[in-house]
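Encoded as structure tokens, the structure appears first; notes follow it.
Order as written gives the chain letters A, B, C and D; numbering starts at 1 within each chain.
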Amino acid sequence: MHTVSFGSDNHSGAHPIILKALQDINAGYWHGYGEEEYTETVQAKIAALFGPDARCLLLMTGTGANVLALQSLLKSYEAVFCAETAHINMHEAGAVQKFTQGRLIAIPTPDGKLSPKLIAPHISLMTDQHMSQPRIISISQSTEYGTLYTLDEIKALSAFAKDNNLLLHIDGARLANAAVALNCSFAEMTADCGVDIVSLGATKNGCLFGEALIFINHPDAAKDAVYYRKQLTQLVSKMRYLTIQMETYIDKGIWKENALNANRMAKLLAEKLSEIREVTITQPVYVNAVFAILPAHIIPALQAKYHFYLWNEHRNEVRLMCSWNTSEGMIDSLVDDIRSLLT
Amino acid sequence: MHTVSFGSDNHSGAHPIILKALQDINAGYWHGYGEEEYTETVQAKIAALFGPDARCLLLMTGTGANVLALQSLLKSYEAVFCAETAHINMHEAGAVQKFTQGRLIAIPTPDGKLSPKLIAPHISLMTDQHMSQPRIISISQSTEYGTLYTLDEIKALSAFAKDNNLLLHIDGARLANAAVALNCSFAEMTADCGVDIVSLGATKNGCLFGEALIFINHPDAAKDAVYYRKQLTQLVSKMRYLTIQMETYIDKGIWKENALNANRMAKLLAEKLSEIREVTITQPVYVNAVFAILPAHIIPALQAKYHFYLWNEHRNEVRLMCSWNTSEGMIDSLVDDIRSLLT
Amino acid sequence: MHTVSFGSDNHSGAHPIILKALQDINAGYWHGYGEEEYTETVQAKIAALFGPDARCLLLMTGTGANVLALQSLLKSYEAVFCAETAHINMHEAGAVQKFTQGRLIAIPTPDGKLSPKLIAPHISLMTDQHMSQPRIISISQSTEYGTLYTLDEIKALSAFAKDNNLLLHIDGARLANAAVALNCSFAEMTADCGVDIVSLGATKNGCLFGEALIFINHPDAAKDAVYYRKQLTQLVSKMRYLTIQMETYIDKGIWKENALNANRMAKLLAEKLSEIREVTITQPVYVNAVFAILPAHIIPALQAKYHFYLWNEHRNEVRLMCSWNTSEGMIDSLVDDIRSLLT
Amino acid sequence: MHTVSFGSDNHSGAHPIILKALQDINAGYWHGYGEEEYTETVQAKIAALFGPDARCLLLMTGTGANVLALQSLLKSYEAVFCAETAHINMHEAGAVQKFTQGRLIAIPTPDGKLSPKLIAPHISLMTDQHMSQPRIISISQSTEYGTLYTLDEIKALSAFAKDNNLLLHIDGARLANAAVALNCSFAEMTADCGVDIVSLGATKNGCLFGEALIFINHPDAAKDAVYYRKQLTQLVSKMRYLTIQMETYIDKGIWKENALNANRMAKLLAEKLSEIREVTITQPVYVNAVFAILPAHIIPALQAKYHFYLWNEHRNEVRLMCSWNTSEGMIDSLVDDIRSLLT
């Protein structure tokens, strides 16, 4: 346990209102596995945030949501394009390949963002029965570098996808952070841009655990996904504890309040760090991540007090993540300590 | 939501002490994914209940624990023997096949229990490169019929397994109920009987969610399982909420208290039902399940008031499950209503 | 090498005309992987034997054809019903599970034949998200017991399949033997009976290697299968050597001539054996297999001279397979030796 | 059918001696599936070419050999490093992922060759339970660009592999061409360099079909591979036709004679082309491939007469493959036609 951590937004706990909701739903006997009206209603409510024809399934982990998303739309001889830095490529221990038996094509990018231009050369090679066939583009919004796709960039990817008979998936582990940063609704960022399927994360942003998979359209795939979710071992027996979190997260505006705070704290941190001559901010700060190069000699002492990751040890680049309950005091304290260590 | 349910032990909520523990651990920043000392300690504590060399991994769902158990010890050309009624065969939507690509050999049984005699004929057919090779025997303790293996029966299976170069897995979704019914420790029922690997369930018996996989020995497989757990999407980011449940479940004796109540209520229910001439108990009641044949005409009215499953519609057999918070009042009420409906 | 073998019809060599055809096609340079007109033409010609909309893919092994058939039509959460004795269940080392990640439900039968009555009880259990969903019925024609489905029996299975939203697959490793036994065309036995997909074997019946997968309808699955065939590693580079075998097999009537001989020899063998008091024929002889109980004491000496399998050692039942080049002289010799050993 | 093709070495037919051998082995009855002494002997003979402890399994396709090689040594959470241009990455339709469920990490290279320097940065990222774990380096010898690893380069990769607990696989679809180019034995290029496992191709170099997988050591994996081969549907029933090809290929020196011719023809072609001012050779010619940039306007007319592939359409680079039966006359004719088209 750390008093403060900038290591990851999943180092923070759950919002008290979420925790309270767990208690409120504890009494009584409930059908398991979401086979009751309440879960149906909450899933429909979340789906409605993404569009009139959308369908939603709840599950427990972000990797689970990503794997289920791809499985629902992929045959094993088909391929998924993603950024080399994508969570599905780097940090899911090959779960996508394990479950779908399909191929990931990881494309190097400067900033974690894919584009039609980066994908097109790969497609041109995948012509006949000897090659996996292109099927899905998977992007992270916001990305693993804290960067963001603009709505126009998403639309461009979606148009490119349709031209090439591809589908577009968003890994939205931090979709709330992206939405408040772009000041748009979930629907405006997804359905209205032509996105096909979205992994919506809530765990990092104030839940104990809680993710949703949203099929913007593709009702047949959504039906398949009910069974694939069970095969993926992501179907929870005491579903009420998952459902109530997701409902509370959405209904009480926690998603927005929490994301706003995390983003605001990252902006604040970046501003303060940029005033320090010895520190270089390396990526634009759109959401809740700050990437910065620190003088090497202060990093160990700083890590002794605050938890955070050395992102690129060759150039002393660190990643500082803010979360829903990062406070101004924590930012001040961190910056003060950096200044002290530098003098 | 039902006021009372005999449908499943997972219809009940969480024990208040478990719920309270979630709140107590909410403050502060924690490393994710169990990559901290606390989870290591709790896993070691649970492992120690099964033997000095045992190792433990926490995960979220019972299906997850079973799939991970088999994956850790199985090659895809190998086969697992289980009862036809086993959860891994009937109620996991093929998750074992999906993940392991291996073969399940489902053997019909009268009471959900395997034996060397039932398995042997299958092994004799699996001789050469054309057949999947026998590798694991998987039994449920207690079984899906509420029956129990005695310690001697487990030992016999284990000896048979060793003679045939097989391993023995226990699906212990209700291992606590079995342990209190047999009045033995987890170690006495597993390690001391020669069992290799155990899925230990806690969800049904008073947690929100919480399962553990215990490698009695097989340290190499336990190391593999760390990675397979991630691939299975069962690695939780905010692990503390899982760890605290499992610790509380064990340390506070909740596992025992809850299992005792569930079993006691089932015994009570069976006793009272057996006094009713029109009702026939169809399986011996060892743990928390009562299987009974009711007169067909009273079932709809009874189901309107209490949730429970019609197990075998051809013979009007119902399954009545008791849980950790089933009360004598609920039993009395159910039995009274049956009597009323019969007159 | 054996001078004579009744062990399997794949113990025999290739028909001289097939072998000659290999030589005739050896000259010149050919596009690989069937990406030329000749293979397209031959595939179309074979498909036409099964119906006007049928499509055909060539491959090398019977297990390959079966796995590709099921993969093309199955999602991993779906299940295939087959007889417990089916080749896909017993003698493919779990290849179906390995490749498709799906579930096989093996149903005990007296004679290797499935029926709606045998399948129906399983379907009734597979209702919700916890169970694999029923999708395919797979039958062997002729069966592993040398028995045959009549056209009416196939039609009944097909009607049952349609009623239950299932598809019907035939493992036709010995389809030629079945066709000549029933005196019908391939189309009459498959498309006209409502079959969906057929594995057509030619290896056992006179080729070096050669199998075809026929989609009676399902053009989309047939397109998928082109890629799955490559993934299954069944796409041959020097395809001409496969194509010419299949063309010769069909065009020169080798399929018929060879199957007729094998069946006729089995009938002859059965007749002669049935005249021996100490021998009991245990299955009706429809095609090229004779199952018979021999006196235990003569089996070792007989096996020293002729290769054949002891099918059921508990009751001294042997399997005697005839092939396309089994001769009357071989039958006479075998029967004479049995008589000698008995005196 | 083409009179001449420079499209691929698999466009050529089979060596007459190989074809003759098929006829010679056609008589009599043989045990199927290699379950006889002859196949055991031939496998042992081939294995012996690679080292005293080597073991060999025969199979039918090169993709089959590669998939089986990786499956035998890989767990699904582990990863294989290969060049982006590797056959297993680009031209097997994802067969490796399909069968092994593991991860391929495709590394861009200038010439189709991996090196420790290219691999090391990837390993440094794969540290914990969130990442697939590094396990195998797979190289092609000769490569898809017609380039070659020197023995020292293989040794360097092997040493790097051992330092990092990795194994080294060679995709030797054209191993014979490499061996004669390097003027070394198979053992000198593999076992003596520390290689772990080798796919040995014979199809392209004069067989109808014929591949072998050689375990230099790893006897346990070799045992597993017997079953995985069956699961991969690569176990041939009439094995004699595969075995005799491989024996003849080795015993009669066909592997050497054929590879020498193919390489010699490619050298000759390159020499003659390099004399043409308008033509640029783009890769060094070590084995049987010539990569060359031709003036765009002559390509269509040339392709009308000779089959070959446009490798990189952006720079008019073509690939011209020579095979075991490419003749000087064919080379002369091609070069003459190029000259004519240029004037």
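Of note:
Operating definition for what follows: a residue touches a chain if its C-beta (ideal position, glycine included) is under 8 Å from a C-beta of that chain, and two chains touch if they have at least 3 such contacts.
Keep in mind that this is a model prediction, so the values were computed, not measured.
With every chain reduced to the mean of its CA atoms, the largest distance from chain C is reached by A. Set against one another, A-D and A-B show the most C-beta pairs in contact at A-B. Averaged C-alpha coordinates put the centre of chain A at 33 Å from the centre of chain B.
If each chain is reduced to the centroid of its CA atoms, chain A and chain C end up 50 Å from each other.
Per-chain CA centroids place chain A at a distance of 42 Å from chain D. Among all residues of chain B, those that touch two or more other chains are 76-77, 92-94, 98-99, 101, 129-130, 132, 227, 230-231, 235. On the chain B side of its complex with chain D, the touching residues are 33, 35, 75-77, 101, 128-130, 132-133, 224, 226-231, 235. Remark: chain C residues 76-77, 79, 90-94, 97-99, 101-104, 106, 125, 129-132 touch chain B in the complex.
The part of chain A that touches chain B in the complex is made up of residues 1-5, 7-8, 10-14, 16, 19, 22-23, 25-32, 36, 38, 60-64, 67, 92-95, 98-99, 203-204, 208-209, 227, 230-238, 240-241, 307.
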